[in-house]
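Here is the structure we will look at.
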């Protein structure tokens, strides 16, 4: 394996992660951050603005790996905090039943989802956020869209790898299609 | 029908309601009020203490009819406010997909659910409440139970008509069985 | 009410149904009939061809009222048999958790769903059918569409009252969007 | 890593699997095989009879890993065939939304689920089987239980590692509690 002299249990070195990615499906969580009104209805959806690997602008959902010995809830919360900042006040659902399971394959066309790096299987949740969202890390910005805007061709085209489809599934689940 | 000279559209007189109850299923919503911790996990369940029709003490969930031209969300919110007071801050889910549909029959034994008054079909939701709960109306009191307590034989026996089963289904959905 | 001297319990005369429709939400079930392959994936969707009230051609899902003292499962099965014939071999899901709850209002614009006759609340299910489908009653014909065709603008435009939206929600739930 | 000179892509040697198990959550699928009647209601549940590692008799659900580049549906079908034989005619659901996500930790007490070998995250489905079930491989036998029997203390005690809880969750989802 790699030359790293030590690894924290549950952490992978880059080499190990690379190797694991070639051997087994990697478990992910994804969250669609939404604003809701008093009766719980979705009023807007938060999309992260980022740079695609090819330099193009792209929009994405909150997403990341579940670590060894980490609960799905804790992974969700960690990635929400990583992507939306510590004051976002996300409301992780009481039930872990996801609205869908998204299967990202390194090969295109098997499912609507594609990830050139790996076979990832993602548990997807709608997560209302009540607080102040301040993207950190790689995200350039967070922008809020109405359900209608989020479903528009323009926004859908800015969401590669099937994230646009996942967003549509989330909005269908929340009853926001028209 | 009845002799009432006028009724607000969408409202039924007692006679009309009686009659409707003999002719068609009545749509209900039910909410299991819960406290959750920061990562969304259920820590306790709120049960209303009431007087059964036979004078016995009974515990129940938030429950009530959906009115004509009322949205399910609005009915949920109305009954939550009616039963928990105006400061309960309920978080009605973003999706209307219920965790179950409970069918109450006037005849016993068709389903686990029984309502001697009517055939009621109820959409059931887990609803985190963040605020101060002060039962009004008929409810004598609201008490909070841990998932384990809520599943105990003592509490289950205090929930007639299948409400104990519905509570178990809610806790199963929230991953709180053991 | 009406002059009918007697009604079978659980049945409404036309007048009574008319009256109930003005007073309370009417409970419906809806089924999206699908063909699935060996691993359960949806390969095609069956849409009923009918005549709209204005003489136009329209496509619809299997749909109908739940009667007094009728279980949701039995209502589903009854309407599936009514619309697809006795040899359709529908596989009603093991769980009654619907993929969505569709709220049809007589007023337009409250939800994506509209029914000029009534306020109807519908529990919606995806139902694989394995047998031979022969529409009866009012339906002129049943036609099978691929998920892609079902989502096309042409087909969507032939589905009034929000049925197109409900179909999109079903396909989102089944992972058939692209 | 290991000394194996070659591995089929997507397959892990025993050593590699051991190593992966110490580093990341392993994705599983689990199926609760059920018999249903004509209207889809669960009438009985199939449990595999096996030998626990300590020689004790134990009952379990259909369960297994998702392999690299394998779809969740295909993994479900593969494990159903492995455990129930080629003539079981399983009906994998049209939607991949699981009824729950079970998190097995090597440490006891974090969730109701425990697997001393690994951190496994399992997508759980109710799967009606219509055909002839003939367990192969490690399973000694398959026995069918009514929902009531499956929920009995005797059967629950024969299901270690949280499988009894998962079964209860499945039956709650299917509306089979009482």
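For reference, chains read A, B, C and D in written order, and residue numbers begin at 1 within each chain.
Quick note on the criterion: a residue touches a chain if its C-beta (ideal position, glycine included) is under 8 Å from a C-beta of that chain, and two chains touch if they have at least 3 such contacts.
These numbers were taken from a predicted model, which means no experiment stands behind them.
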item	value
Option reproducing the contacts of A-B, where over half of them reappear, out of A-C, B-C or C-D	C-D
Pair with more cross-chain C-beta pairs in contact, given B-D and A-D	A-D
Averaged-CA centre spacing for the pair subunit D and subunit B, given as whole angstrom	34
Centroid distance [mean C-alpha coordinates] between subunit D and subunit A, Å	27
Contacts with 2+ other chains: residues of subunit B	71, 95-97, 99-100, 111, 173, 175
Touching residues (chain side subunit A, partner subunit D) in the complex	1, 9-12, 16, 19-20, 22-27, 65-72, 95-101, 103, 105-107, 110-111, 119, 121, 123
Touching residues (chain side subunit A, partner subunit B) in the complex	34, 36, 38-42, 71, 73-74, 76-77, 91-97, 99, 126, 128, 173-175
Complex contact set, residues of subunit D against subunit B	100, 111-112, 165, 168-169, 172-173, 175, 177-178
